[in-house]
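Have a look at these structures, which come just after this line.
Look for chain A in each of the two complexes below; its partner is chain B in the first and chain C in the second.
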Partner chain A sequence: MTPYLLRRCLLAGATVVAATFLTFLLLRLAPGEPAQTILARIFLRDLTATVSAGDAAALAERYGLSAPLLVQYGRWLAAALGGDLGVSIRSGRPVLTELGWRLPVTLLLALLAMALALVLTLALVTARRMLRRPLADRGFALIVTACVSLPGFVLGLVMILVFSLSLDWLPVSGTGGWSHWVLPVIVLALGQLGFTAVLLDDALEEALAAAHIVSARARGLSERCLLLVHALPNALVPLVPYLALQFAFLVGGVVVVERLFALPGLGSYLAEALDARDGPAFLGAVAVVALAVALANLAADLLVAALDPRIRLARSEA
Partner chain B sequence: MSARRRFAVLAACLLPLFGGVPASAETPTLRVAEMWETPTLDPLRDATLIKEKAMVTETLVTGLPDFTIAPGLALSWRREGETLWRFALRPGVRFHDGSPLTAQAVVASLEHGLSNSPSIRHHTRIASVAVAGEGEVAITTVEPFPALPAALVHAAAGIVAMSSPRAPDGTIDRPIGTGPYRVADWDPAGQRLTVTRFEDYWGEAPAIAAISFRSIPDPATRALELRKGGVDFAADVPYGDLDALAAKGFTVSRNVTARNYMLSFGSLKETPFADPRVRKALSLAIDRDEIARYVLFGMGRAGIAPFPDTMAFADPAIAVPQADPAAARVLLAGAGYAPGADGVMAREGRPLAFTLYTYAQRPGLVPMAGAIQAQLRRIGVAVTIRVAAYEAIAREMKPGDARLAALATAAYPDPDVFLRQTYHSQGTTNSWGYADARVDAALADALTAPDEAARLQAYRLVQRIVADDEPCLVIAHYGVNVAMRPGIENYRFNPIAHDYMLDPQMRLSPAPAGR
Partner chain C sequence: MSSRRAGIAGTVALALVLLLPIAWGLTFDPVEGALRDSLRPPGFAFPLGTDHLGRDVLARIAHGFLLDIGLSLLVVALSFGVGTALGMVAAEVAGGLDRALSLLMDVTSALPQIVVALILAVHFGGGAGTLVIALAATGWVKYARIARAATFSLREREFVMAARVAGSGRLALLRRHVLPHLLPLFGGLLALQLGHTVLNIAALGFLGVGIQPPAPEWGAMIAEARPYLARAPWLAIAPGVFLFALTALALSLARALGRRRQAMGLTAW
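This part shows the complex of A and B:
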């Protein structure tokens, strides 16, 4: 197990390096000369502003933007490995400090949303299986389709209109109390629900068709017992790695949800840093996201191995 | 321990994580929905927040809503040479830390800005600053620059005490200024800023005791938060929400600001746009009123001149023509164009067709491009729209194409920069190659004009020439909206602001019950 863990940790590190390198390249390949863009967007606060070549050269010198691309990335990586993610051009503050502020908001949001999505998935799928009626099937299909097809910002706006303005139950945006988290978590969770419900439903279909379930049914076990005790635990195994993958998509959803609900998290930090072409801030945030996704996958793999003895065995034999 | 008690204990432990339930008591604080994130209070990086919105810093010269200037921290100024100016400071002004505003403090602040901000150098063209005596500052510009007093209105030139707390890299963390409000509380993690009234302010004391800013970047959320009562003041809410807000009793103001929606051509040489009749035909075919009313929801004003008549230096004689497709067709016929087989006007077999580039960051641009496309189709001009990143447009655009952009016309209250960079034959943004000897001469005259009246005449002449020649088409003047809850009085929009400016004389009464 230890060599496997070591291998996976190295792979996670390589993933982070690859993600940041690609991000760095894409940031540099984006239209516009970096120093001029930073001057216009951050210092002059007008993307159409004209800037002098002298000012652009001075800024490029100050932030090391005139060095060859590989040298620039190498400098950043060397500093990052030492725990220094650089200084945000927008604020002049260490990126690590700012990420330390933003990360807890996003982590809490993402974890609560994943937990809610999981609970709703279990409830939806087991309800469909236990009811076993055409109406339940149609209801399931409707909910799944709605969750998959409704964009987060539309769903969020509708929920604000209903629960914040019409019913006056919840605040519109920001942080400050537990009630501020309700709508963003629900919007983010519903965005996941459609996919996780379909996946679990398929896995449950397969688990219910397994020989030991047929045998248990022949021995007279109740359908409820078959579903909840024998089929569901097996069906959950393929869901775990999927949830880890969903974590990456969740970060995408977080960008939209954090902006809509004015939550100062990592998603809004990423979006603002990209818009301002604040390279150190954007690269630092991408590194943290890549690390989080890599670690989530690692945790999922370990969890799957713990849940499924066949995988554990295969790894130890390998 | 019973299950209920266990739950109560668990809830008590978890509540602090969520910050507890917020208090709902009414406070004498104006709550503003800020439209950007607020990662820094450094006046060199976010001058507009610190000077125009939070009113923490002030500038030597003040800009008034009609784009005239008035004394600020400087009571008076005079030009002592081609490049030398002397500013006399207002006596009795104190910084928020109690220290007096001295010539040394002003020089230190401006020098700090000049060494650390490209913005101040860019706008003011200051070469050096020096103490010129008791309460007087001498400023030398890098070239003759009659607009210096106006340039000092720019928020980045706000005066800040060098004793302001700094970050390790020298960035100002909590600016100490001379303005009517001082920084009281700043939570960069939570994107919240609170400023409170400065009791020793030199001017009239502000009526509102405190102003809090919360970053709400999404325009729709700002409108919803205003309706909910979570904030009292919001700018730049979705155009389509303004009527609904007004119908619910909110105060809504639509204002024209210093930015133009402009259609500029790739090149005026060896393209159809080289012919003034073609440019005029395109201009006449565009229904500016229709665009202002239906595309911008009234958030903007139809225009053809470089500046709207709300600016003191605009030429009031320039009228916006009514759209006239018939006259446009006549002009095209005069320029040798006739309808082709596909209905597109053509000359010598070459159709009058071009790609119109625009970008999505400003909400009105893409729908406006669609409207222009439809309006030009009526006179047989084929337009293809391409939405791209702003920085990519210059690279992709060909000489025979055009660009629709929202361009700032006055970062400070003076017409020189915009007219010079846009219409002078050597102008920095005049990439389309417009050259008119009358314009160049008038702009040269403005630099050496004996007085402000003569300078103004020169600029007005330029405006009349370019409004007639139309080397690039002004479509509309940009609009900025402000929405406030009832009970906010004395607010006056100042279009000099980059986004919006708060007014120290605003008054706030409690929100009506039931909102």
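This part shows the complex of A and C:
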């Protein structure tokens, strides 16, 4: 168990380092001297202005921009591990503080959407299995295809059109009361529903083919009892690692949905930092996203190992 | 059998519904427009109306289709080529190279595609090149995983060993005896990736880091349509419907091809 655990932790760390190092390199190798850009942006508020070479050199010296790139990245990583993600070029505030404002919005959005998607998935899949009619199969296939094919920003715009502009039930965008969360959460959840429903359905198919189901059926248990008590719990185990992979996909959806509904979360922070060429802010946001995805994968691996003794044994031997 | 036939009929019908208007739209100009024609609702002169600059929406959708599908095919071809080659070579060479590739695959698949595209856009700016590189940089992993696993099992088969004993070089062995057996595994995945790539290109266009205006890209068109949502809803809905139809088409194709893969006794990607 322990070497396995250690390997997964190392992998999670490697993922975060790889993502931030790649971002760091691309930011630094981008055209434009960082020191000059900082001076021009902050003090002159004009990107096209020219800055004297002496000023730029002094600033580069002060912020360590003249050191080799690898050393600079090492310094950033060391500071980041100590909780210092640098200062935003755009606002002059610490990046960590700004991320602290943005993160709760994204977390709430993602958790609500994931919960809604799971509830809908369970309802959809059990309904399909319990009805056991050709029409139920067709309906299931239709809903799944629609959910997978309909991009969040199209669905979101249509829902804004219907529920906000025509019916005037819900606000168009921004934050405020609970009503601002309804449309973003639904859009994000429906984006997940297609994948999770197919995965759970496949897992259930496999679980229903197991020998203990046959024996339970021979004992005369009702089909409903077979499905809900004997098959469903087993089908949920293989779903866990997929949900972690799904989390990376969810983050991509969060970026789009936050932009669409003008929510001040992590995704819109990432997009804004990119628009403003705010290097430290962008790097900090990428670090948080990579860390979240890596932790989700790690948690899923550990959860599966805890739930399924077969995997635990197989992997500790490997 | 009848449901299978109904599925094929549905796919063909969807393809016709999608392609006929696009063929018609290709005969119009996607960039030229007159301001006096701006925000016209759908009608005789403009089948799907006009946007805020008076450009024909159907023409823009049709030319956007060529752009989106062309770039998507490029992404799929790159992912397929790179992923298959890396997976086969890693399994054949094994050892350190294989472990390095496994690590690279794990790290790559842990990063969200959209975020990778944003990261690359920092350096290269928005545009078609960035888009293709970003999506292929994350798309190759699935092919590499399948190719690697399948090559490992093919290596042990008699005909491959026979070729090895007969003195076949490693590359020739992979090309002539392993690759032909891998190709049938990829049908469903290729169609699936095509559908996802179309969606991702549109999503990045919507975020403003993909294809830049005035090029007619579906996601960028939807982003441009947002300020006019209340006055001219067709501007956002028309490209949205085409995007939906194209993705659904790719996915139904994926399901048909994937079923054949399952029939051959091969399991999950």
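Quick note on the criterion: the second predicted complex is superposed on the first by the 257 of 318 C-alpha atoms of A that agree within 3 Å, B and C clash if a C-alpha of one lies under 4 Å from a C-alpha of the other, contacts with A are read in each partner's own complex, and residues count from 1 in each chain.
In this text, contacts are C-beta pairs under 8 Å (C-beta built on N, C-alpha and C of every residue); 3 or more make two chains touch, one makes a residue touch a chain.
Computed from a predicted model, the values in this text were never measured in an experiment.
In the overlay built on the shared chain, the residue A:Ser91 is in contact with chain B alone; chain C does not reach it. Of the two partner chains, chain C is the only one touched by A:Thr23; chain B is not.
In the overlay built on the shared chain, the residue A:Leu59 is in contact with chain B alone; chain C does not reach it. Of the two partner chains, chain B and chain C are each touched by A:Arg259.
Of the two partner chains, both chain B and chain C are touched by A:Leu161. Contacts of A:Ala290 after superposition: chain C is touched, whereas chain B is not reached.
In the superposition on chain A, A:Gly177 contacts chain B only, with no contact to chain C.
In the superposition on chain A, A:Ser268 makes contact with chain B only, while chain C stays out of contact range. Of the two partner chains placed around the shared chain by superposition, neither chain B nor chain C is touched by A:Leu116.
In the superposition on chain A, the residues of chain A contacting both chain B and chain C are 30, 157, 160-161, 165, 259. Interface residues of chain A, counted against chain B in their complex, comprise 30-32, 37, 39, 42-52, 55, 58-59, 87-88, 90-93, 98, 101-102, 108, 157, 160-161, 164-165, 171-181, 259-262, 264, 268, 272. Residue ranges of chain A in contact with chain C, taken from their complex: 11, 14-15, 18-19, 22-23, 26-27, 29-30, 134, 145-146, 148-154, 157-158, 160-161, 165, 245, 248-249, 251-252, 255-256, 259, 270-271, 274-275, 277, 282, 286, 289-290, 293-294, 297. Residues 3, 103, 106-107, 109-115, 118-123, 195, 199, 202-203, 206-209, 219, 222-223, 225-226, 229-230, 233, 236-237, 240, 243-244, 247-248, 251-252 of chain C are the ones that touch chain A when the two sit in their complex. Looking at the complex, you find that chain B touches chain A at residues 15, 17-22, 37, 39-40, 42, 44-46, 48, 117-119, 121-122, 167, 169-171, 188-191, 214-218, 220-221, 224-225, 227-228, 230, 361, 388-392, 395, 405-408, 411, 421, 428-429, 498.
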